[in-house]
Amino acid sequence: MPDYQPTPADKFTFGLWTFGNPGRDPFGEPVRERISPLRGVQKLSQLGAYGVNLHDNDLVPIDATPAERDRIVAEFKRALADHGVRVPMATTNLFSDPIFKDGAFTSSDPKVRAFALQKTMRAIDLGVELGAETYVFWGGREGAEVDAAKDPVSALKWMRECMNFLIYYVKDNGYNLRFALEAKPNEPRGDIYLATTGHMLAFIETLDDPSVCGVNPEVAHENMAGLNFVHGVAQALEMGKLFHIDLNAQKPGRFDQDLRFGSEDLKGAFLLVKLLEDYQYPGPRHFDAHAYRTEDEDGVWEFCAGCMRTYLILKEKVRRFNADPEIQGLLAEIRAGDAHLEGLMQSFSPDNARAIAALSIDRIGLGRAGRRYEKLDQLTIEVLLGAR
Amino acid sequence: MPDYQPTPADKFTFGLWTFGNPGRDPFGEPVRERISPLRGVQKLSQLGAYGVNLHDNDLVPIDATPAERDRIVAEFKRALADHGVRVPMATTNLFSDPIFKDGAFTSSDPKVRAFALQKTMRAIDLGVELGAETYVFWGGREGAEVDAAKDPVSALKWMRECMNFLIYYVKDNGYNLRFALEAKPNEPRGDIYLATTGHMLAFIETLDDPSVCGVNPEVAHENMAGLNFVHGVAQALEMGKLFHIDLNAQKPGRFDQDLRFGSEDLKGAFLLVKLLEDYQYPGPRHFDAHAYRTEDEDGVWEFCAGCMRTYLILKEKVRRFNADPEIQGLLAEIRAGDAHLEGLMQSFSPDNARAIAALSIDRIGLGRAGRRYEKLDQLTIEVLLGAR
Amino acid sequence: MPDYQPTPADKFTFGLWTFGNPGRDPFGEPVRERISPLRGVQKLSQLGAYGVNLHDNDLVPIDATPAERDRIVAEFKRALADHGVRVPMATTNLFSDPIFKDGAFTSSDPKVRAFALQKTMRAIDLGVELGAETYVFWGGREGAEVDAAKDPVSALKWMRECMNFLIYYVKDNGYNLRFALEAKPNEPRGDIYLATTGHMLAFIETLDDPSVCGVNPEVAHENMAGLNFVHGVAQALEMGKLFHIDLNAQKPGRFDQDLRFGSEDLKGAFLLVKLLEDYQYPGPRHFDAHAYRTEDEDGVWEFCAGCMRTYLILKEKVRRFNADPEIQGLLAEIRAGDAHLEGLMQSFSPDNARAIAALSIDRIGLGRAGRRYEKLDQLTIEVLLGAR
Amino acid sequence: MPDYQPTPADKFTFGLWTFGNPGRDPFGEPVRERISPLRGVQKLSQLGAYGVNLHDNDLVPIDATPAERDRIVAEFKRALADHGVRVPMATTNLFSDPIFKDGAFTSSDPKVRAFALQKTMRAIDLGVELGAETYVFWGGREGAEVDAAKDPVSALKWMRECMNFLIYYVKDNGYNLRFALEAKPNEPRGDIYLATTGHMLAFIETLDDPSVCGVNPEVAHENMAGLNFVHGVAQALEMGKLFHIDLNAQKPGRFDQDLRFGSEDLKGAFLLVKLLEDYQYPGPRHFDAHAYRTEDEDGVWEFCAGCMRTYLILKEKVRRFNADPEIQGLLAEIRAGDAHLEGLMQSFSPDNARAIAALSIDRIGLGRAGRRYEKLDQLTIEVLLGAR
């Protein structure tokens, strides 16, 4: 059996906020100390991770003086260097402070929007200083409980204005940084604007420079709405917009759980790893999750190790699936093409249209033919269970 | 009290399949005769509707001969003319026949895709013949239960290929016809590709001519995923892509109910009417719903009348909300702008960036200030309940 | 128009934790000061409420000394007396402290269960001292994320053991106190045992003295699972088990929102008020909700006033519905009985069975008859909207 | 590797309606012939199943003459005998015919209720004739879309009246038959009364003889509401009420999918098999599911074989989990008891209450201790994936 031991080449990353989560929730107080960034860098390095990601305030308190800020950042950079840990992605906390209670980029109050821009410019500077090449935007507060209060059309315009401003800010500074927008349907707001990866992909096309903006889909967020995560990721990937990804697990139709990757919906997790590996997604595999509130620090590291280990086990399953003769035989049969017809459909011409219109296709026969999907799905389950 | 009596100027439309729904469901047989298109045209005209919409096979059976087809169409056109009823929208049934059991435009089988193209070209011809200027695509079967069987990236490519083909077909024929794509997260497939209006808007941007393609959002479909429908419609509208709309009602997180408009989530229905009316959406208000299975033909017409009447009542509520001094006072306060800050944010310049970076904003004070949304939402509810 | 001004006779109550909610959530810090119990008692009295309810630690900190406890309680009792405010219900906080992170009565650790019993006995004493006649049990932590860790059968046995212990404790002390058990499907735990009012009703039947135990259904909790709240409350009521009720609002399939009563699903709220009023439910109408995080203290009182006002408006709608001749005519038709058949079915006898077996019933005709529910539901909506 | 070949000793059963499902859905026509009961009995026998279950009309058409009925039943009994196949469970179709469109036992119309009783008495006779010892009640139509039309309290009273009648009918006939009630939250009705296994367990306690009534929980039905299925089954089992079980798979928060057992939520399926096997549930393992609509008859048998095979693989996983020293070591640690404290809590006495009140429990220390659930859950996942 392979040892499933992660190495930096696997490009596994964790947010400072993930191992740093102290186990507070809406109904309970923290259960453990917040693990410090320095401790986390050291431990993740030992566990085989590639990097850490951060919100500005995961590292630097919102009310730090410039001197404190510089001291903290210098210390953190030393730890990164000492342990060979990268910071591939950074982001801004635009949700914890009460000023953002009705949104940051979509606040009705221009002062709040200006503050959000100010804070994000500083946080971008910080991210770039730490080496980040991807900048994530998760607009946790960009939503509403009272839709009568805020015109959703205005909200989108404000959001676009801010994103455009920041695109130019990055260009103006000559930063090598791409934006990855992250959707979530609700929580902490009643509803969040641009609720899914799909909405985000559409919004990106309306920005001044869509080429520098992609998405950061998160397993839990799409599953909260009961959507098929793999489908959404595939759409982003096919559009060349899969700039980053947040891996975790979630039971559908409930609060944001941020569970250990692979701990729910093993078939979905397998199909996701399959998509990423088959299409050679080059970016980090970022785990945006946290340990259960039942855990102490040891449990936090078990959680981190488990995320990576399950990814590697599933990657091995993908290899087996792709090498299984019976499965591949079924797939070849299922996916058999027809060069003539495909030629006709690939590009329109009046002749092709006439040819298609004139085709005599056996509607009844095709309706009766079995697709063998029960067989294929059962074999997939058996690969997953290690029963083949 | 106003009489809330619809007229064609209100642009209310119904699908032939809506009043024609015979009350069959997954666990039960039909409970009423399918009301014929001719009968429906006559009755809807009496009730004050503007038009009817149709799938090809709502009117012409899938196995009709050309002569039968022509006879049926001629008869239907006479009824439309006799009763002053329009056909503003048409679409293709690409879901009922067993040939489409694994998709139409996304079937792995090129013969099925070709058949779907053939059928759609014919149905477009029919729609245009009947006067339709909007052509809806609802890909009810474009999905999967077994994601291991079909690469979702391939599925999107096939879908795009077919849509592009049809865009050119319409142009080549000189038809005055725009496409409106309709999303749904699941049912009848386990998951449907391009699951929400957001995914559809993003997909449209990848077509050869996005300008002729918009969306047809449906209340029930977005609510099945628990998404905020008004937000999705607002995004489409803001992008200039709200080409059509399907009005009905739905309890979230369950099977597609297609309930009478306004029969669930009155606040959501009000906010939707408000968005459409405030932004003067010019298209038809199409009711894609059907009477409960408990009803006979009388109940079907009660259902149709109720959809229209509730829309008009809600439109009157919008007028009241917009004219209510206390509400408008609150909104003016909530939405107070700041010309200087807005000027700085509206377009990037290094100077503007520096000015924003240098702003001293009262984070603590803004975090403490109440937004008065409980008051505003309560007043909204009271407008809805007729208590102010 | 009635003035919808609440009075104590309406029996509206609020938890200390409801107006005291400081607007903290999983992604953000508090936005307002916690309003003190004393301030709340005064304000609620002015607004027309009947009483306040509390968890032990809403009033007395978990680590208060006996002297502090006595001082706080004495001061609170004076405020209650001064303002004529009652404490009809009390409960225990068995969820905030880290000791309860894996459950209180269902913790695998007997020390935790013993601590929970100890804490609850003290809290019961407090509740009784304050005049409470209903004691609520909401087992917020009685659940699991890792079902492999805890046998759910054992969990139920532990829960029963604790509930039985406390039943006897109350009897032994001669307290006039009934228990009301409150279900919730998930949050803060991944899943909570006894997930719905139905599960709770079943569990109660297995206790040593079911007669002193009923339920405390909460609108939001059942809606989180997409269940019909009115149906669940009706079952409790019909079993004589509706001992208390938590009123609020919630969008289905997401995190626990605890929204202002009536702010979502107006038809559902109306049907609930109708059930409570038609069956003359005698208990308090308790609002277990809190103001949006956008609000300051003024917003909190708007929220409280709005809960009560909407209840009263809906109660007036019930009166109108019950007095509407067209609606009542429809209902009389829909509910027409058949004394002979009802007699046969009401109690079994071999003769009745034979008589029923021999009946010739017009299956086809009954299948065709319309039930007129579209009409009835439309009239209900129009009553709600004030359009009749 | 074991061969996972089912035998009748495994007690696997299928409904005639499961393999007989022709692939019709709300948006599409049948895709395959309905496989006859006789063919099914033969094939299932070959595949290693134990028995088949049926609704009356799966075997005998609703309008069959007595002679036709007798001929069909005789032929079916011969097939059962020929192939050594049992009928352990039977039920009534009270949902397909239009007469039941507004309910059977909860119809407002006494004629419909009487017809439902008549039909059920005949179907019970049929079930007993075929050897059934369990009789399932799934009230698919016992619900509402329009709650204003039917008092849910009345609905429950009618339901109880009918169930009591049938309990006496069975006793009066001396049948050896127990009832198993099956809940579902919605579909085909907007909402179904007694929405979950919990509600059903509570309802049973109100019947004239609860001892002969238990439940038939179904994986898909509880998952539709996002509930933890294992918790619900555990409650039924602990109450001695798990009389039957319906195995399948379902994605939460959507239409009833009835997928192949184990094809979704492998961890949930494992935990379910673990509960049934650990507690030696003696009844049939009934698969209430059907093949995808993409399948022909071969696919149907693949589906049946897959259900059974996955159950057996998961049963083997349970054996491994229970034999894994590291897992069992963790569990022993997690579940360590405390005889003294458990003794105090097990039964109330004033002395025990005083002793518990006087305990000095280390609240802070217990709050800090890690539970090691991340580790345990990870090991569980690895057992499932065959990685240990």
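As written, the chains take the letters A, B, C and D, and residue 1 is the first residue of each chain.
The rule is short, and it goes like this: a residue touches a chain if its C-beta (ideal position, glycine included) is under 8 Å from a C-beta of that chain, and two chains touch if they have at least 3 such contacts.
Given the structure is predicted, the values throughout are model-derived calculations rather than measurements.
The greater number of contacting C-beta pairs, out of the two interfaces B-D and C-D, is seen for C-D. In the contact between chain B and chain C, the residue numbers used by both copies make up over half of all numbers at that interface. The distance from the centre of chain C to the centre of chain D, each centre being the mean of the chain's C-alpha atoms, comes to 29 Å. As a whole-number value, the distance joining the C-alpha centres of chain B and chain D reads 38 Å. Counting partners per residue, chain C has 31, 97-98, 101-102, 145-146, 185-186, 191, 226, 251, 253-254, 292, 294, 367-368, 371, 373, 377 as the residues that reach two or more other chains. Only residues 1, 4, 31-32, 226, 251-254, 260, 262-267, 291-292, 294-300, 302-303, 305-306, 309-310, 313-314, 317, 367-375, 377-378, 381-382, 384-387 of chain B touch chain C when the two sit together in their complex. Interface residues of chain A facing chain B in the complex, by the touch rule stated above, are 62, 97-99, 101-102, 108-115, 117-118, 121-122, 145-153, 155-157, 161-162, 164-165, 167-169, 172, 185-186, 191, 193-206, 225-228, 230-232, 234-235, 237-239, 253, 271, 274-275, 279, 321, 331, 334-338, 341-342, 344-348, 350, 352-353, 356-357, 359, 361-364, 366-368, 371, 373, 376-377, 380. Every residue of chain B that touches chain D in the complex is listed here, in rising order: 23-31, 95-98, 100-102, 140-141, 145-146, 185-188, 190-191, 224, 226, 251, 253-257, 259, 292-294.
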